[in-house]
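Have a look at these structures, which come just after this line.
Next come two complexes built around chain A: one with chain B, the other with chain C.
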Partner chain A sequence: MNAMIIADSLQILLIIIAAVIVISKDNLQMVVFFAVFSLVTASLYYFNQAPDVALAEVAIGSAIMPLIFIISISRQREFIVISHVNDEFLSNHTYKIGKGYELLSEFTRHYGLKLKIYKSELGSLKGIFRSRNVDLIVEKCPSTHRYLLKGKESSILMNKLEQMTENEPLIEVIKIREGETDD
Partner chain B sequence: MIYEEVITLKTSRILICISRLLYPFMLLFGFYIIINGHTSPGGGFQGGAILATAILITYFIDPDRITNLNLLIKIEKVLFILILVIGSISFFTKNVFFTNFISIESSTTYKKIFLIALNFFIGIKVALGLVTVFSTFIKEGRS
Partner chain C sequence: MNPILSFIVVLIGIYGLATSKNIIKSIVCLNITQTAVILVFLNFGAFHGSNIPILIDKVIDMTDPLPQALMITAIVIGAAITALALMLSIKIFHYYGTLDWKELIEREG
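Take a look at the complex of A and B:
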């Protein structure tokens, strides 16, 4: 009888947590509630005479899945820039901050992202999906000496970047269709 | 801001300390579940998942610890063949595939060897597989 009451209250708790997961806007909060959901589910499995399934649920649902979610969330907050420019346009030394670096850091601060600039020669890119992961490629046009910022057309961030660089004569934003950013 | 919390989560000293403390006990618990899988709840898969969690916790302690992913995949493949071989031994003793290779008349002390061996190899295979999937996920896009 006592176990029945506990199981019933756990089921009600489960419904409440599921509703909270659906409603919540904050990703990190959602992940924590997801782990709690798995714990409650595991205890329900135990009450229904399935300790085997409960063990698997605890190990996978409340440990591995939240870890995967947290890592992908922290990955989402990076803005990766590949630079093919050799002058001080993107330099971030304390005594001479480049114009492009200033612009991009202001842009990323506006969205709460973390700016990461990789300097690259061709062939030094490693990793499985490296070339598809780039948000922006910076190049210098050899004929007109303007800086070209290449980004994906599908990204909403590019519109904002285009707005910000409207008044800069030296900077041009180019939107590329999906699949052409593999450099 | 929230994103700063996510980033400092990896370098928090408290988390590293707790992970170091927890790591051997999680390994022990995983192996306990695997080896007692034939008499108590749990078994190869559940224990393997717990082992994988224990190994993944070392990413908090030292992110560059697991370097050779190809070796892990190779060991996993070898274990898969080994599981099939253990299952097929019964063909030589009983003329049937995928049953216990020890005869029915012998006592349970000997008969459970089959279950323990299968559970053990399945557990290690599951742990290696989850670690491989997770490590590729972490390293994707990083040099």
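Take a look at the complex of A and C:
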């Protein structure tokens, strides 16, 4: 009789936690509540005479699933930039912050992303839009000396970046359709 | 051990799946629905009998072990589906720049 009361109260707790997950807006809060949800369900499996299922649920539901959720959320929140320029346009030293770095860091801070800049040579990067999750490529035009920011046409972030750099005379945003080559 | 209380959790998960605006939230709601369905199956399996189905001499009234064996498989398959959906959501974010369902539908038409 005592176990029945515990199981019923756990089921009401389960309903409350599910409602909190459906209401909540923050991703990380949702993942933590999902781990709690899995632990409560695992104890309910035990009260339903299924200890083997409870064991699997504790291992998978409350340890592995929040882990892969958190890893994938942190992978989504980064903005990957490949740099082909050699001057101080993208430098981020403390005494001399480049103009492009200032602009991109302000842009990524506004959207809650994390900026990652990689330097690379020109020849070794064919078809990089298709093979990796690169968001932006920075180049310098040799004839007009303007900086070209190349990104995917399909991304909404590129429209926002274009609006942001309208007044800059030295920066031009180029949107590349999927399937075209990079050069 | 009331199947109706478990079925309410299934309905909450389906409601969240229908009304969520974010892809990550949709995946979490899919997981809630799956876990609650497993709980409903185990509730139905535990109607008759009140002992854990492990074969010892004096145990007579065991619960049905067949739903338990099937539900372990369902848990593992659910973990694999979650990993696949999260990988696709990373691809979608880097291609479209957003994870909002409305913006994605406007974008794609």
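Rule of thumb we're sticking to: the second predicted complex is superposed on the first by the 167 of 183 C-alpha atoms of A that agree within 3 Å, B and C clash if a C-alpha of one lies under 4 Å from a C-alpha of the other, contacts with A are read in each partner's own complex, and residues count from 1 in each chain.
Methods note: a contact is a pair of C-beta atoms (placed from the backbone, for glycine too) under 8 Å apart; a residue touches a chain by one contact, two chains touch by 3 or more.
Keep in mind it's a predicted model, so treat the numbers as computed, not measured.
Residue contacts after overlaying the shared chain place A:K152 against chain C, while chain B stays out of touching range. In the superposition on chain A, A:F89 makes contact with neither chain B nor chain C.
When both complexes are overlaid on chain A, the residue A:A63 reaches chain B alone and has no touch with chain C.
After overlaying the two complexes on the shared chain, residue contacts for A:G112 are found with chain B alone; chain C is out of touch.
Residue by residue along chain A, chain B and chain C are tallied for touches, and C comes out ahead. By the touch criterion defined above, A:P51 reaches both chain B and chain C.
In the overlay built on the shared chain, the residue A:S74 is in contact with chain B alone; chain C does not reach it. When the two complexes are laid over each other on chain A, chain A has residues 51-52, 56, 60, 64, 68, 72-73, 75, 133 in contact with both chain B and chain C.
Taken together, the chain A residues at the contact with chain C in this complex read 4, 7-8, 11-12, 14-15, 18-19, 21-22, 27, 30-31, 34, 37-38, 41, 44-45, 47-53, 56-57, 60-61, 64-65, 68-69, 72-73, 75-76, 133, 135, 152, 154-158.
Across the interface of their complex, chain B is touched by residues 26, 28, 51-52, 54-56, 59-60, 63-64, 67-68, 70-75, 77, 80, 112-114, 126-130, 133 of chain A.
Across the complex, chain A is touched by residues 1-3, 5-7, 9, 33, 41-43, 45-46, 49-50, 52-53, 56, 130, 134, 136-143 of chain B.
Here chain C touches chain A in the complex through residues 1-2, 5-6, 8-9, 12-13, 15-16, 19-20, 22, 24-25, 27-29, 31-32, 35-36, 38-39, 42-43, 45-46, 49-53, 63, 68, 71-72, 75-76, 79, 82-83, 86-87, 89-91, 93-99, 103, 107, going by the rule given at the top.
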